[in-house]
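Two complexes follow with subunit A in common, the first pairing it with subunit B and the second with subunit C.
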Partner chain A sequence: MRIPYYPGCTLYTKAKPLNTSMHACFSAIGVELAELPHWYCCGTTFTLARDNRMSLIAPLRILAKAQQENGKVLVPCSICYNTLKRANYMLNEDTETLDIINEHLEESYDGNEIVLHPLEFLRENEELIKSKVKKNLKDLKVGCYYGCLLLRPQQEIQFDDAESPTIFENFVSLIGATPIDFPLKVECCGSYLVVTSPDAAIEASYKLLRNAQGNGVDAVVTSCPLCFYNLDALQEKMKKAHPGFKQIPIFYFSQILAIALGVEEKNLGLEQNKVSPYEILKEYDLL
Partner chain B sequence: MSKLLIDKDFKRRIEEISDQKLSDCYQCGRCTAGCPFANFMDAPPNQVIRFMQLGLKDDVLDSQGPWFCAACLVCQTRCPRGVDIPRLMEAVRVIHLRAKEGLIDVSEIDKELLLDAPPLALMSAFSKYTY
Partner chain C sequence: MKRIGVFICHCGINIAKTVDVEALTEEIKKYPGVEHAENYKYMCSDPGQNLVIDAIKEQKLDAVVVAACSPTLHENTFRNASERGGLNRYVCEMANIREHCSWVHDDKTVATKKASLIIKTIVEKVKYDEPLEPIQVNVTKRALVIGGGIAGIQAALDIANAGVETILVEKGPSIGGRMAQLSETFPTLDCSQCILTPKMVEVSQHKKIKLIAYSEVEDVEGSVGNFKVKIKRKAAYVDQAKCTGCGICYEKCPIKVDSEFEEGLGKRKAIYTPFPQAVPNKPIIDTEHCTFFLKPGKCKVCQIVCPVQAVDFEQQDEILEEEVGAIVVATGYDIYEPEKLKEYGYGTIPDVITSMQFERLLSASGPTVGDVRRVSDGKEPKRIVFIQCAGSRDKENHLEYCSKICCMYTAKHALLYKHRVHDGEAIIFYIDVRTAGKGYEEFYNRVTDEGATYIRGKVSKVYQDNGKIIVLGADTLSGKQVEVEADMVVLALGMVPTRNSEALVRTLKIQCDANAFLTEAHPKLRPVESNTTGIYLAGAAQGPKDIPEVVAQASGAASKAIAILTQDEITFEPTIAGVDEDLCSGCGICVGVCPYNARELDREEMVIKVVEALCQGCGSCSSACPSGAAQQRNLIDRQIERMVVSALEEN
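And then the complex of A and B:
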């Protein structure tokens, strides 16, 4: 099987582990990720101003490019996923805007591309994944952190229930680990406020990690490179603000999937995690 | 008590940019209750909306609340009246930004963060705080 793949800017730089582990996982389950040729930035955050059509151009051009390859495109970064999916929804709702943008571009797009997150792909191919799992993660207690962009707005994203989602937990169970529920799994980590108001991001991320720890997790798993940064890299600053805070390892979902699939350690990208994941993995005999 | 200065054009502008109807909000406060950043805001979301409903242009534009909104959409999910509150917050920001106020200044970003943060953090901030 071959599926078009849109990595987005961060998977080539600060979120390389997400990219390498994605490729390793999908190759282990026999799916080739075919990167879109000459892709560019999705524009990151989806504009909320109704009178701003400019910011729909980048997503539309990516969707048009993807459509030339296939009817579906796989997008692992939560921000890219959200932006492409919202733009797609909007262009379908507002055909006047779709026509106006199409008129100004070389490409043309009809609004029919399907934007797929790897967790959705895994949900659709449960038996295939199950048959490829080589390592049992059963004692590892994982907190599934959804964040905002995979879930909201629910009507447009249709990924899962926006308030009590389960797709991530089902994925974690599928590869044999133990999902641990925690109430703040759908709450914001502070997102890009880390750039302009770092304290707000540090506090928000601290609050949700404490909530996960209070429910007994060994590690937190996420899909968004920005959430990953806030939850992982900001832990030093959380410790300064809250001296009693005990650090906790963060993983990309594709990293724990790769471990379960028996992918070589060098393709996991664990050395880029700021909070060391090695102790917990050794404790559970997973490395 | 002094008379309130109601700016109807301003109300209309907010409604136009956000595509929301301000009279839909009945001030239940659920947006503020769920907002992860309400404690950083001088005026939390429901209060900013009240200022908007009353057409209090200066109170809306002086409020720091919209700048702490990370567009996480929890309020949008929970609003019983279907008001897309983050669009209202964005409307306040773009009114400022299009007047060249509140633009992000790269020289003020923490140097360590500039080198360390993932590109999408910076790109998101640049796209949110420019016009």
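And then the complex of A and C:
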């Protein structure tokens, strides 16, 4: 199987482990990630104003490019996923804009491309994944953190129920680990405030992690590079603000999937995780 | 040929400013068939009407056209005048030169020309108008009230007190409805049961009221004055005639089930009355939980202990047939499903409860005898967060509308809680506080004076952390996020029409809106009537409202019903569709298009018969009939044809 793959900029910079582990685990399940040739920035979520057609050009061109492959494109970054999926929704709602942009481009796009998150792909291929799982993650208690971009706005994204989603937990169960529900799994991590008001982001992320810990999780998994950064890299500062805070490892969903699939350690990208994941993995005999 | 008189009204300047009435009068005088034409400043005034009456007599007119306003305004006025002049009222027609002409044009020449065309087409119509007699129908002097909540109770009592026999059908085992579940009522803090139960007893003892509880209306046929109703009396497995209501059966019954009346906070037995003051006070058996029905033949304790042998496991559902002249629909409301508000944790956090559950906790006859206690551990909550608009005013996710009563009942909840737990803290999150109603703002002031804290903002999430309930919200006045630790959370849920009442709406052939609330005939001027004559609406089934409003509307609906039911016969407009049996081939197309079931195919004669009381004169059959046999009286094809020709001729 071969599927068009749009990594987005962050997977080549801050979120390299997500890219590395995506390639590793998809190769382990026998799916080739066909990275789109000459891809460029998705435009990110700020640009999606309904009255600005210019901002839809970049997403449209990406979708048109992907369409030449097979009608679906895999997008692991939550920000790119949100941007492309919402742009697609808007272009389908407003065919006049779709026509106007098409008239000005060499490419032509009909609005039918399906933007797929890896978690959706995994949900569609449960049997395949199950058959490839090699390591037993049974006792590893995993808290699934969704963030906002995978879920909202619900009508446009239609990924899962925005208030009580379960797709992540189902994935964790699928690879044999134990999902632990924690109430703040859909609350804000602080997002871009980490740049302008870092204290607010530290507090927001700290609250999430403490809530997860209170519910007994060993580790938190997430899919969004920005959430990952806030939850992982800010833990030193959380500790300074809250001396009693005990650090907790954060994984990309693809890292934990790769572990279950028995991928070699060097392909997991773990060395870039700020909070060391090795102790917990050794404790559960997963390395 | 008919001698036709045309009377042109100035309507002050409403018409005369844009239409040259003098020139128009001269023009119309020349039109074939017009014997007499004149104009006057206010034709609807007494002198104006006298002009019509005198002209009919003096000019020996056979028909009258009044060129003035819309027929909905003054058709009756001028038909009455024509009658006084000695004509049949149906040979008097209105030509609408105000709404259809003067009000919508500026150019006097054009408007005058158009007014002339309008009048001429109506002159053509009236040439073929037949004298008609109103249709008379005998009235069955009995009423049916559906739903035994406060709305149905009030309507039934009002109708019965007017001397009209009334059947009150209630779906559940007892009347009383939602009001019976409430603790105390705003703004006076009357005990709800104390003011309701006397009315319930009055219903049961009223000589003119026949109470049929634990029953549902299955089918309704006929029309105003003569409805035929089928009522399914569900098997209660207790002989209602023999049962004395002694209660030994439910005392001894070994099966305990969550009580619907207690909103799941208390228990009832498998044989039960919903609450001690139930009317009728006769138990029923819940076959979903009764051991005898789950394991056939087992248990039978209730049957063994019953001193009058009233328990009858063989009882079957029964269909009762009744005839009534008018119907009041008072099917009430349910609260919005709290499970849909996933962010508030109802169902997973035991101390997040609904407003209706809180009513039961506050009620002196409730599961805690009026003490406010937590569901989880029975402890007294020291801080309660009340969330207003839980699921209301949220177009994207839940109900778009405001349920009107939640602000007031939440204020009442906070006050009653403070009265029960003096050191307790009541925190209320709100979008707006809406207190329109007599004494309501004063009540709200009293609640804030007594120490309830109001925070303007929505709650985004309720969750449990280390056993504590955390409420996250926004204070939009200070622009800050708020985090409150609470011992209990009460969701002020909105009202929705009683679930599963759609089938009844279809049976009654009345309409409901997008939210399934029953639709009134006019939102301002006919608020208690449905679109079907003879069927009236009362209570929250028509829209969210509080008790005083429900009672007022119920009395309104009752008075509408009484107005019909105290007459021997009622009259209908005769301008309905008939059948020319010589032309009718019995194809039956009109039967399918008739929205009122007014047309039936007589298979012996192979012609259509019309049920005159049902026909509303909509004209669907006339336009569908391939042979022209279905003709609307005084609007036959020939008339329409002549009117069209007349309108086009001059152009």
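For this structure, a couple of remarks:
Everything below uses one rule, namely that the second predicted complex is superposed on the first by the 283 of 287 C-alpha atoms of A that agree within 3 Å, B and C clash if a C-alpha of one lies under 4 Å from a C-alpha of the other, contacts with A are read in each partner's own complex, and residues count from 1 in each chain.
We take it that contacts are C-beta pairs under 8 Å (C-beta built on N, C-alpha and C of every residue); 3 or more make two chains touch, one makes a residue touch a chain.
The structure presented is a predicted model; accordingly, all values stated were derived computationally and were not measured.
Aligning the shared subunit A places subunit B and subunit C in steric conflict. Once the two complexes are overlaid on the shared chain, A:Glu187 sits against subunit B and subunit C alike. Here subunit B and subunit C are compared by how many residues of subunit A each touches, and B touches more. Applying the stated contact rule after C-alpha superposition, one finds that A:Thr44 touches subunit B and leaves subunit C untouched. After overlaying the two complexes on the shared chain, residue contacts for A:Tyr145 are found with neither subunit B nor subunit C. Contact with neither subunit B nor subunit C is seen for A:Phe171 once the two complexes are overlaid on the shared chain. Shared-chain residue A:Ala204: touches subunit B; no touch with subunit C.
In the superposition on chain A, A:Gly214 makes contact with subunit C only, not with subunit B.
Of the two partner chains placed around the shared chain by superposition, subunit B and subunit C are both touched by A:Glu163.
When both structures are laid over each other on chain A, subunit B collides with subunit C only at 457-465; the other stretches in 133-141, 457-465 or 529-537 stay clear. Residues common to the contacts of subunit A with subunit B and with subunit C across the two structures: 163, 187.
For subunit C in complex with subunit A, the residues that touch the partner chain are 342-343, 345, 396, 461, 463-466, 472.
On the subunit A side of its complex with subunit C, the touching residues are 155, 161, 163-164, 183-184, 187, 211, 214. Interface residues of subunit A, counted against subunit B in their complex, comprise 8-10, 13-15, 41, 43-45, 47-52, 55, 77, 79, 148, 152-154, 162-163, 186-188, 190-200, 204, 207, 225-226, 228-229, 233.
Those residues of subunit B that touch subunit A in the shared complex are 16-19, 36-37, 40, 67-68, 70-74, 76-77, 84, 86-87, 89-91, 94, 104, 109-110, 113, 116-125, 127-129.
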